[in-house]
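Presented below are the structures under discussion, each in the form of structure tokens.
Consider the two complexes below, in which chain A is the common component and chain B and chain C are the respective partners.
Coming up: the complex of A and B.
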């Protein structure tokens, strides 16, 4: 069927991609499968697992009592992470869409590129540095409180509250939303929008019945990216929430660290991945419906 | 006509002002941080006077310098290794159709879509199992056991660096006309010669962009590194994080500013490489028949 030459070519391509694929299998596929297995095992006293199959971790997870007082129960925390991330996604979208439309509307390539670079710079900057910068700015002894002092207002405590964690989620996610949105807005055929206008649609109608369907794929992709990023945020609740506004990633870290209950940590990790996957599949479904 | 024009101007202004607010929010914390890294006061509440003392104190801070050298050691090995792996992967993936291409794509997507906290705990679980096995096989006791440290961090970094760099190299490979390689082979060049003389020069901006991306990811990464680090192998982001949990010394502002500056320099190098690549692409398209 295939000539020896073709077969040689195929072998060559296989050899080229094997090292990279094997690396990702060894460091992602195998470890993640291991975590799934660990979630059904019992904990060993000093971290690690005993190979004894059980559903205890998942039972514990569903128990919404106050026993894990530091974290007010796992279900509460999971729900809080999902709810905050969903709200942060909406706020990020509301801030990003005008920016994406504005960038796409610039006439000169220079203005467009300059604005895009302005969005890419924070995208490319260390997340730790960006979150630390927010913490520095809003610290009790930080510049904002210094300025409040200067103008004769009372100092305020901004940090270590759910509100500031929410602001942090939006702040870190913004560039991740603008870039896919911009790509979608850039491709919109303006003639369709003016046609809708000419046919008598008002601005609101044009926006919801013509513009939004045209950018839907990019919009859903951006929302999904931001949601998955937010729901698994570790640095934002740790550095801005100071333990008073923990999210699900804090519990996972705690179970693998201090609490030394790896099966519990694994069960929460699996739940988080399943939640993210459901979101991803849902958005893929929306997008495939949009295309057909 | 005039009302339509007025409406357009008004909408541009609204869009522009929301965009300005979004960009202002995005940049304010980092800009303030950079400015205050030159402030002589110990707290961020007041501006005293300009100083470079916090920068001057960095080289004397042995712990910090060790963290910087660890970070550089890891990044400088992970970057070239992952760039080579990514280029091979890109060639192997873009070279043609093969059985199992879809599942391979999904595996390669894993490092990009997986939340970092999940990757972190999975690697912790898998690597501690692997290390225990390795120590058993090598017969190493507690004293000389192989533990978490630079090698484990390096492996983790190579994996995610490779996945992200592959995206960029593949994009530039897709823009390449396949006829080029075919012509080269038809004219009697070996595959090796075709790669070095035809393909690589054409995709060089993508390879360079992938390498710079890997470099930044490696230097900036916190969450994944946090789970696979060990005593004595602290990287710069881990060191900064540890210090943030203790006290806030203004020297952290100076270090954070340096990290930010490094990211920007690398980003502009990447953008420059890309611009250069597209300029050359345009040039060769305009003068297709040249030389012999």
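Coming up: the complex of A and C.
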């Protein structure tokens, strides 16, 4: 038997936990379950679903004949999203690591915090506004083209291309990589790096055999965040790609909107969630191995 | 003859702060040398310069006759045991030890054999597959030691390796380190602020203060014949007394202390009237009880009054205030079968101070 005090404590904990749990159930578990259910139903003619169970949406999704190749090539688009996100993750990592090391290497806490704030400040502005700002910068008659004109170079079309979507992915993801990396680099015991050098490791060997394993947890966490964020990006391909460099989220939007095929949209969404989940589980597994 | 490691006029500055000041040091092959000094005296920096982890601002270093001043740490046949152990947390005990060998691309079998030997050497054979966080601080210490010796460096540098251990473990590790030093025959350079560690383990001790080596000597010499006031006060307990030279007699001087005189060893030629510091170990101070205030000794030894008697367990200490002076002298005597070796000496008694001339050292002030 638990004592009255323990029972009171349990009730209190339950009460404190409940609002959060209810919020997650109401706003995440219920809609997500609906999406999963819809993905196995038939489409109604003008949007919505008919309660008739079928695997049609998933069959359509995996179809790889020539009719499906372009607009309907869901697998192609899924693959493109995954591939771009993976590349964006690597590029973001390569850009963020020196930055994180630089920030962690500052002598004073003030300098570190100032630099971290500089990394985070863009987040105080809505992502929509920031992406519009990038659009404005790179527009055909925008400041960058104006500058190219001024120095006598040819104007270029930046927008509405896969390249600029990729840049956008990296741009929006950077802080999500820098912060966990910084936290990991900050904790690195310099003596361990000295020990590696002392034991005969050159700079490159120190980096790969001592530094990277020491920051691995932060590195994997950052990569996971960036990948999951990128693979489901909607704003960047919409605003910077202008329909010419769509990612899978654009297709989901299209299925729910214009195409009025809710089951199809749900099936793609479920696939995307599964992909993200796999990435998350994989990184969690790596990090639990690092800790065990 | 050449020393194994030589420092020539080595200076290290951090900004405008001089940490190591024009230091010359010669470390002989195979010896166990300690760098002893208070924190901030430059001993760790000296060690890091030998390891190559710090670059000297001026001066040259050589290892086995070869100039290594500009050689990066990974190319020096020198390994370090760090104060914080600095084990690789992501590697098992045996992989930690194998690290240096793998970098040299040693063969699988050779690595296994050498890791095994190193583990046996530090008596950690049962812990090969553990990770650093799964073993105690003392065990981590042993692994750090094994990792540093497995590649057979010419010199093993130890940066206060025992300071994080508790007293009992620390004392056990002193003996272990000495045994390993004997077995390996590698030169050990040991940094410590603990004079007990330095005296018990070392062949020679360099006492450092403010970036300089004040005295480099065998432990016995340092203890018996400190060359300066700092060394005398830093090593063991010493009575440091202000006195004035009365007469110089060969390698001895007669000094005036309180209301009397003492004969002291003096390495320097002292002129009558010079103010000097006397160093006397408490164990070497004898107290003669005076009956009725009259001197019993024939000599003019100074007199004083017992101020304090303290039971120390294996010994008793007595603090005497010198007459005609405000200086205090501590005397320590071993107890015999629990009875104070000072006999029936009591607080308030008048005593006369007696010391062998060999026990009293005159140091320049």
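Definition applied: the second predicted complex is superposed on the first by the 281 of 292 C-alpha atoms of A that agree within 3 Å, B and C clash if a C-alpha of one lies under 4 Å from a C-alpha of the other, contacts with A are read in each partner's own complex, and residues count from 1 in each chain.
In this section, contacts are C-beta pairs under 8 Å (C-beta built on N, C-alpha and C of every residue); 3 or more make two chains touch, one makes a residue touch a chain.
Source: prediction; values computed, not measured.
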item: Partner chain in contact with A:83 - chain B first, chain C second, else both or neither; value: neither
item: Broader residue contact with chain A after superposition on the shared chain, chain B or chain C; value: B
item: Chain B versus chain C as contact partner of A:201, first or second or both or neither; value: second
item: Partner chain(s) touched by A:149 [first = chain B, second = chain C, both, neither]; value: first
item: Touched partner set for A:213, first chain B, second chain C, both or neither; value: second
item: First, second, both or neither for A:282, with chain B first and chain C second; value: neither
item: Chain B and chain C footprints on chain A, overlapping residues; value: none
item: Interfacial residue positions of chain A with respect to chain B in the complex; value: 9-10, 12-21, 23-25, 27-32, 34-35, 38, 48, 95-96, 98-99, 101-103, 105, 115, 117-122, 124-130, 132-137, 139, 141-143, 145-146, 149, 171, 174-175, 178, 228-229, 231-232, 234-235, 239, 249, 252-253, 256, 262, 265-266, 269, 272-273, 276, 280
item: For the chain B and chain A complex, residues of the former touching the latter; value: 12, 14-16, 18-19, 21-23, 25-30, 32-33, 36, 43-47, 85-86, 88-89, 91-93, 95-96, 98, 104, 107-108, 110-111, 113-119, 121-129, 155-156, 158-159, 162-163, 166, 191, 216, 219-220, 222-223, 227, 237, 240-241, 244, 248, 252-253, 256, 259-260, 263-264, 266-267, 271
item: Touching residues (chain side chain A, partner chain C) in the complex; value: 189, 191-192, 194-202, 205, 209-210, 213-214, 216, 290
item: Partner chain A, residues of chain C touching it in the complex; value: 51-53, 72-74, 78-80, 82-84, 86-91, 99-100, 103-104, 147-148, 151
